[in-house]
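Once you've had a glance at the structure underneath, I'll fire off some questions.
The first chain written gets the first letter, and so on, giving A, B and C; residue counts start at 1 in each chain.
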Amino acid sequence: MSAGGWAPRRTLSLVERNARIFRRSLTAVLASLVEPTMYLLSVGFGVGALVGRVAGVEVRYAAYVAPAILATAAMNAAFNQTSFAVFSRMRNERSYDAIVPTPLSVADIALGEVISAVFWGLFAAVGFVLVMALLGLIVSPGVLLAIPGALLVGFAFAAGGLAVTTYLRDWSDFQLIQLVMLPMFLFATTFYPVSVYPGWLRPLVELLPLYQSIQLLREPSLGVFNWGVLAAAGYLMLFGALALALATRRLTRQLLA
Amino acid sequence: MPRAWPVFVYWLSLYRRTWRATIVISVANPVLFLLGIGVGLGHLVNHGHAATLGGVSYSAFFAPGLLAASAMQTGYIEGAGRVFAAAGWAGSYRAAATTPLEPGEIMAGHMLYMGFRVLSSCAVFVAVMAIFGVSAGWWVLATLPAALITGLAFAIPAAAWVITQRSMARLQTLFRFLLMPMYMFSGTFFALGQLPGGLRLLASALPLAQGVALCRSLSLGRASLPAVAGHSAYLLALILAGILIARVTYRRRLHP
Amino acid sequence: MEETPIVVARGLTKIYRSRDGAPAFRAVDGIDFSFGRGEAFGFLGPNGAGKSSTMRMLAAISPASGGSLEVLGMDPALDGPRIRARIGVVPQDDCLDRELSVRENILVYGRYFGLRRDLIRERLGELLAFAQLEEKADAQVEVLSGGMRRRLTIARSLINRPEILLLDEPTTGLDPQARHILWDRLYRLKQDGVTLIITTHYMDEAEQLCDRLAVMDGGRIVAEGSPRALIEAHVTREVLELRFSVDAHAAVAERLRDRRLGERVELLPDRVVVYAHDGEAALAQVHAAQLSPITALVRRATLEDVFLKLTGRSLID
């Protein structure tokens, strides 16, 4: 049985369902801002006081890390929705058992979950930009470009999360996900420029989707514009599209056995 | 508590099935953080701010702080998450309560296991610290008991509280809104001395800040007896209070 | 049924591909059946008989591995969404959105069918009344009882006015009172002309609800007909159940067989069952044979007995 193709109205009906559930958990939106805000305060300001000026960076350290933490906030918010939440719907709530017998196709379900997660990432991004503003870390109106940027970041990680979820056997496999997400968070130039790494290591770091996400958001937020931003956008689009295709294919096999 | 031991053995036998995965996590976490934050961020920090950090490298400053934070996290997972499951959906406590075991014995056996988990995961962490050479020689070994009481100072009060709870969401909320901020402002990443006066006092009164200060002074080989005694007494008091409360809350939940 | 059937299956087969070293599994093994409009049809069988696989194929959410299947005149492999738009499915574990209210669950589900919001609102009142959940309309699913949840699941599945309703083990896990309420609701649906297709391993449920039954075992249909016809065809009118001390059962069964008691004597782990047209007469013969059972019960034969006869196994294990 095929994935069944997309129909916008059917896809949106799933987004509507998720929106109704989100609406009841607004504290969860706030919660998704706690961790990035804490990192911004303790590393951005706390460690920032120890760091002083960073070579090759014009602004103070907290303003430099803020857009990168913004990228991780959008990433985590979107990723958690298509990993934790979707896995819980597959295993615990068995929501899809009720949805599959409706006219929705598996492609509708996959895209609907990704779109919902992108919104989630967008909320986190908007919330975090407000936090940045409160802390006086907006250095350029270019930060407004970070909002559409966060949509792309959300898309890449929502689709990636959904693809990963189709490979999970049980809840303990989430530890393995942490083993990928944590080093990516630590090494994707969130806290320091890529020039810290020896030359041979840089291409590896640059392959990380979070590195590309930070590229996409950081320079525009700091009021710097170059063509690298477009390359990052292209990378994230491609990454998300491939992940979504993979996720849809695998979900079809799992839901329509 | 003559029958606490079989309870401990029960938990240990469950752990035998998952220990491989937890070992990987226990090794990976410190290695990744020490490389990513200690070395990477340290690269930026180490240009001339040694005085604020007491003249040591950022890695040497950061590692024992992270050890204490990771002890807290393991303690909370074992004390809150595991106890919630055991008292609720997993049914371990309900099954145990129908045997001759007393609630206090079920509690004590599980707390022994919490101690084991904190100790074993911190031992791995301490080994990583030794390999990275971020401690003052053999002093690294002294951080292990310090990390143990830090972890238990969270695990045991958490267990005493969680056994009264019916909603998992509360556990996550507490972690997000209390433990996470504590992790960030207990001197793990930066020195509390950098904070302005009032805030500094407030932050150093946090239980994790006590654990961080204890682990750090030992790791750097700069411990003074009064300070060590003070931090330890604080953490031990939390553990003791936790046990006293848990004796009541465990009985209430298991023999309602 | 004389009119054209709305579901026809010929040689329907489902094979699950081998995975992780497990061999390929033939869950449904070439079965034939057809239903007419307005009929209540039951698949009766133990776990693993192939009932759920058959239901999934009927719901156009699982491709057949062999044979042919036509639902509402369409091929599920080609017209999945169009078929699904016209049927309703009540899964075994309700799969409701627990965070949402009763009303929202129905609303959200209606949107999956592309129904307009005002149309859903219009049907909502009537569905809530049908499910006897009007007072719970704004309650979260979390707080509903098992019976209420099941009724909500059924109400939800009716939002698209389905022509066929598939119910997988509709009363499993419910208390007796909740089961009776549910059966009553399903009767009403049947009266309204909805075709009901039910899987169950409760023979009382099958007898209550179904016009026609297919008894399944090991992926095959081993018997088919109305509940009464099945009982008449396969077992006697009455059944005598005898209990002795546990280790005596085998010897007792042997003696009763030697005496040619009733039509047939069946040995079960906990009792000896005698199929006889006159149960009391058979019991008198037992006493005449100097046997004194701990308990003796004469009852009418049920589908459980049919199943035991056909498969040599008990329905609920």
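The criterion applied here is as follows: contacts are C-beta pairs under 8 Å (C-beta built on N, C-alpha and C of every residue); 3 or more make two chains touch, one makes a residue touch a chain.
Note that this is a predicted model, so its numbers are computed, not measured.
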Graph class of chain-chain contacts, one of line, ring, star, complete, other: line
Chain closest to the middle [Cα centroid of all protein chains]: A
Centroid spacing, where centroids are CA-atom means, of chain A and chain B in whole angstrom: 30
Geometric centre distance via CA averages, chain C-chain B, whole Å: 53
Chain centre separation (chain A, chain C; CA means) in Å: 46
Residue ranges of chain A touching chain C (in the complex, touch as defined): 1, 4, 9-10, 13-14, 16-17, 20-21, 24-25, 93-105, 255-257
Parts of chain A lying in touch with chain B, wherever the complex brings them together: 27, 31, 34-35, 38-39, 41-43, 46-47, 49-52, 54, 61, 172, 175, 178-179, 182-183, 186-187, 191-192, 196
Of chain B, residues touching chain A in the complex: 18, 21-22, 24-25, 28-29, 32-33, 35-37, 40-41, 43-45, 47, 49, 52-53, 58, 172-173, 176-177, 180-181, 183-185, 188-190, 194
Parts of chain C lying in touch with chain A, wherever the complex brings them together: 16, 56, 59-63, 77, 80-82, 84-85, 87, 89, 91, 93-100, 104, 108-109, 111-114, 153, 156, 166
